[in-house]
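Once you scroll down, you'll see the structures, which are given as structure tokens.
Shared between the two complexes below is chain A, which has chain B as its partner in the first and chain C in the second.
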Partner chain A sequence: MSHAAKAPNRSTEQRPIEDCRADFPVLAQTINGEPLVYLDSAASSQAPGVVIDAVAEYQRHDHANVHRGVHTLSHRATDLYESARDAVQEFIGAGRRTEIVFTRGTTESINLVAQSFCRPTLGAGDRILITHLEHHSNIVPWQIVCEQTGAELVIVPIDSSGQVDPQELIEKMDDRVRIVAIAHVSNALGSILPLTEIIQAAHDRDIPVLVDGAQAVPHLAVDVQALDVDFYAFSGHKMFAPTGIGILYAKETHLEAMPPYQGGGDMILEVRFEGTTYNELPYKFEAGTPNISGAIGLGAAARYLASMGLERIAAHENRLLAYLTRRLAAINGIRLIGTASNKASVQSFLLDDIHPHDIGTILDHQGVAIRTGHHCAMPVMDFFGIPGTARASLALYNNEEDIDRLIAALAKTQEIFA
Partner chain B sequence: MSEKNEGKAAELRELYRELILEHARSPRHFGKLKDATHSAEGINPLCGDKLKMYFRILKNGRIDAACFEGSGCAISVASASLLTDTVIGMSTADALQFFSAVISRLSGRSTTSDDADTVIDLGKIRALEGVKEFPSRIKCASLAWHALNSAIHCNDQTVSTE
Partner chain C sequence: MNEVEKAQQEVIEEFSFFDNWMDRYQYLIDLGRRLPDLSASERSEVNKIRGCQSQVWMVAEYDGERLNFRAISDAAIVSGLIAILLRIYSGKKPADIVATPANFVSALQLEQHLSPTRSNGLAAMLQAIERYASDALPVK
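So, the complex of A and B:
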């Protein structure tokens, strides 16, 4: 029988958020003799037991290739894989399961759109609109397609708080703009972009919008239909699922019109040397044997997040972020980078003139894991005139004690560099 | 403070020794060398360290001047600063031998098979040996040295730690 139809464990539904830390086995360890404080979920989040178990169960009992065999295991694998798609569809409120394409992650999803949706119709003089705060994976795919087609990449500025002024973005939406590609949440700054206003304005001008949701999905309730977004890309490993799996949500009308991204098995109906007919959606975009176990893990993660409730998660994280920001701001010699009024789960900072890398080492030595560097957002660092930052990022498993430990470790850092 | 904590604090102090912090705060020979004959850039894409090393090497092979500019963490800046202090006055042959000794000593790789590396007295450079306990920081300490090697061998290149 398939595990696919297993309903989320209802008994966990109203568990206090504070209890869910125990769901994440990796957190129960010491690093350099201190209990681990994991404040790097924006780079990659940890997996709860239900995700680890879903993947292991599949590997142990149900593995086979999908959409192929007549045998029992292949059926089970296919059921599990497709039920993960259903879980993701529900998780982001997509209208149809055919609109959920499994990819390797946000990066591949954006490249897919750049190459399959944009490239065939782009020409010299056309424009692609992005903002100054994008992750490299929402910059470089557009640079590549611009190079291929002669189109121009237009960058919308950010302000000193790290926010995009939607009006400025909208003013740049002229009749040569072919797509607007923007982050939902900035990974370096935490800013939440005002999507609704931007998407409406773009659609008024018949411009499609791609949203890089990598940093949004584990923190905010996302409803792609309410947003009316054309493309929404995200990665499993930022939302408690394994690496190497991600999602491209795209409106069916777009997917229908787009040529395949890659050719191979599974994405075809019939292959003849005279010509090949492509498979129906979403398989047209899933060439080759997919990351089946990753997809199953992603499905389990989506169910887990849904069972905890995204609104409750957001409220918990907002409280924590406020506490984190307040504690950091109280440190002498701190400079906060990314101070937009509407933010999620991320705080970048600099401390005295201590290089972020040194901060990272001293914190790690005290069991506190943060990210240091340019966070794959070099233009953001250039904007602030800094080589990099130290960044603490939160997830639902973090608590005030984690932040207290961070603050104490920063005091230690200052002591060493005093 | 518990024994454990003391041990840990000592490890950190090993890494961030006074000499390292002092060189990081006020690096020697910092700036561009206008009449440099050799130069190389060292970058550590992981953390954004970027150091440009300049050397003036005389016809007889002696390193007559050394400077550097750029930005990086305390370890990479101190290492570059100590490097300039060390190699001025050396022949390029000696500097290269020193480079090889530093790299093997910092990475804990020195074995009996490369005696030359273990015999050389690293002098002040020993202050960098604390990185041995911090594997992710070995690259920071060796960045400037790789740039030195590159500058002598193939002038005007960029070396990367990745």
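So, the complex of A and C:
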């Protein structure tokens, strides 16, 4: 009974993007008496019915531990779990299923690389290259490994639009740099980094590249082989899957060379008190009973996104982002933060001298959900000399009406604060 | 009815006059804007109550009989809520503070701002007030 493993059917493929809003049950509710406008998908996205059902069906009919049992349920659970891995492999265009490691999310994926790939070989004088626009999850794991090894964290600046100049980044790739770790899309600013150019330049110098793809995967087509990226990390809950599940894609040669990150069940072949033989890839990095239902949900979400078509989703969101930016820019007293020419799905802003937290509170009263604060990117806020921003973020289920509601709610906010 | 209960009751009655949320918020913002600021030196790291989205600074003074609080936030609505907290709790006896449950939170429908799981610094301020009060009580 392989509910989650259904191939996307043709009729789904033909559906207009605008129709998919109805696939997300959470959106059909009112907040404070107003229909919900959800513009906080960059913090966490909503799940479509197919994801919710895949998880529920698994819990209802197929649950058992994976890779262990001789009985039917365990086989079913294992098949579903491994078929989710296949769905993710296909989703990001990975060459081998063994290169897809299930983790708790982007944060754990990056910590895994920092500790297992970098730490054993890093020493004093070595460098790790990141940019000024990174999420804390792509800063702190490197600070920790620098502390442990004496390596140094080098920060590539951003410009006033919130973009990284790839030339500036490439100039910093000297022979002491051991890894480049950069976002694909900035969570606070929306800037899309020119990955191809950066990865090519890094590889010319034999430097591996990790990409934090958390904000990219729900919005644009990612092909890890075409990018030739060494490590690509992302989270389920930013791409319409449950929380607590994520992915580390890594080239097989790297995974082979890396020691296990955590020890426990499932990651071993043989355990003797004299020593333990580790399991093959990717299980070497999946210690303990994994988040089986989360993985199944993630597999279903990957299939759902693929069935809608990432190119079509990107086109829809780009249209919406242009509309959002245009409407926001027309407001008297607005300051847009993050104005790079190549952007995805988010717009940060400030309004008059109203604190972002106050904006968020008044918007919530009108049923409009946005994020306010530093967005776990405090260096970005420091760069712009602000404590935080209000941020509206889009996903495939948003439409122009959502943006109109946001603009009207902001007008009311200004009225209240006038 | 002790002084804290009395102040709390007054605030609840005052807010019952507003029949829509916009007026309530406008009043809060007004209270926030009129709240006396702390000096630059009082807006210090030591006096800061950390919240993810807005910041609150608070100073407490105990004159041996009554606890006096002064506080401010960088967000106007939060400052308005601080003004309410100060009206209820500042200048009161520690025993009254400790003895009086914060009923106004639900009466004013302020759970959104003041429940302990909210990371806006306000809930932490309420906890800090209660801690100052119980610390000021004679050890039994």
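By our rule, the second predicted complex is superposed on the first by the 413 of 418 C-alpha atoms of A that agree within 3 Å, B and C clash if a C-alpha of one lies under 4 Å from a C-alpha of the other, contacts with A are read in each partner's own complex, and residues count from 1 in each chain.
We take it that a residue touches a chain if its C-beta (ideal position, glycine included) is under 8 Å from a C-beta of that chain, and two chains touch if they have at least 3 such contacts.
For clarity, every value in this text was computed on a predicted model and none was experimentally measured.
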Overlay on chain A: chain C relative to chain B, clash or fit: clash
Which of chain B and chain C A:Arg119 touches, first, second, both or neither: neither
Partner chain(s) touched by A:Thr361 [first = chain B, second = chain C, both, neither]: both
A:Arg97 touches, of chain B and chain C: first, second, both or neither? neither
Touched partner set for A:His136, first chain B, second chain C, both or neither: neither
Touched partner set for A:Arg335, first chain B, second chain C, both or neither: neither
Residues on chain A lying within both footprints (that of chain B and that of chain C): 32, 354-358, 361-362, 365, 372-374, 387-388, 416-417
Partner chain C, residues of chain A touching it in the complex: 32, 354-358, 360-362, 364-365, 372-374, 387-388, 412, 416-417
Chain A-touching residues of chain B, taken from the complex the two chains share: 4, 8, 11-13, 15-16, 21, 46-50, 71-75, 77, 134, 136-137, 140
List of chain A residues in touch with chain B within their complex: 32-33, 354-358, 361-362, 365-366, 372-374, 381, 387-388, 416-417
For the chain C and chain A complex, residues of the former touching the latter: 21-22, 25-26, 29, 52-55, 74-78, 112-113, 120
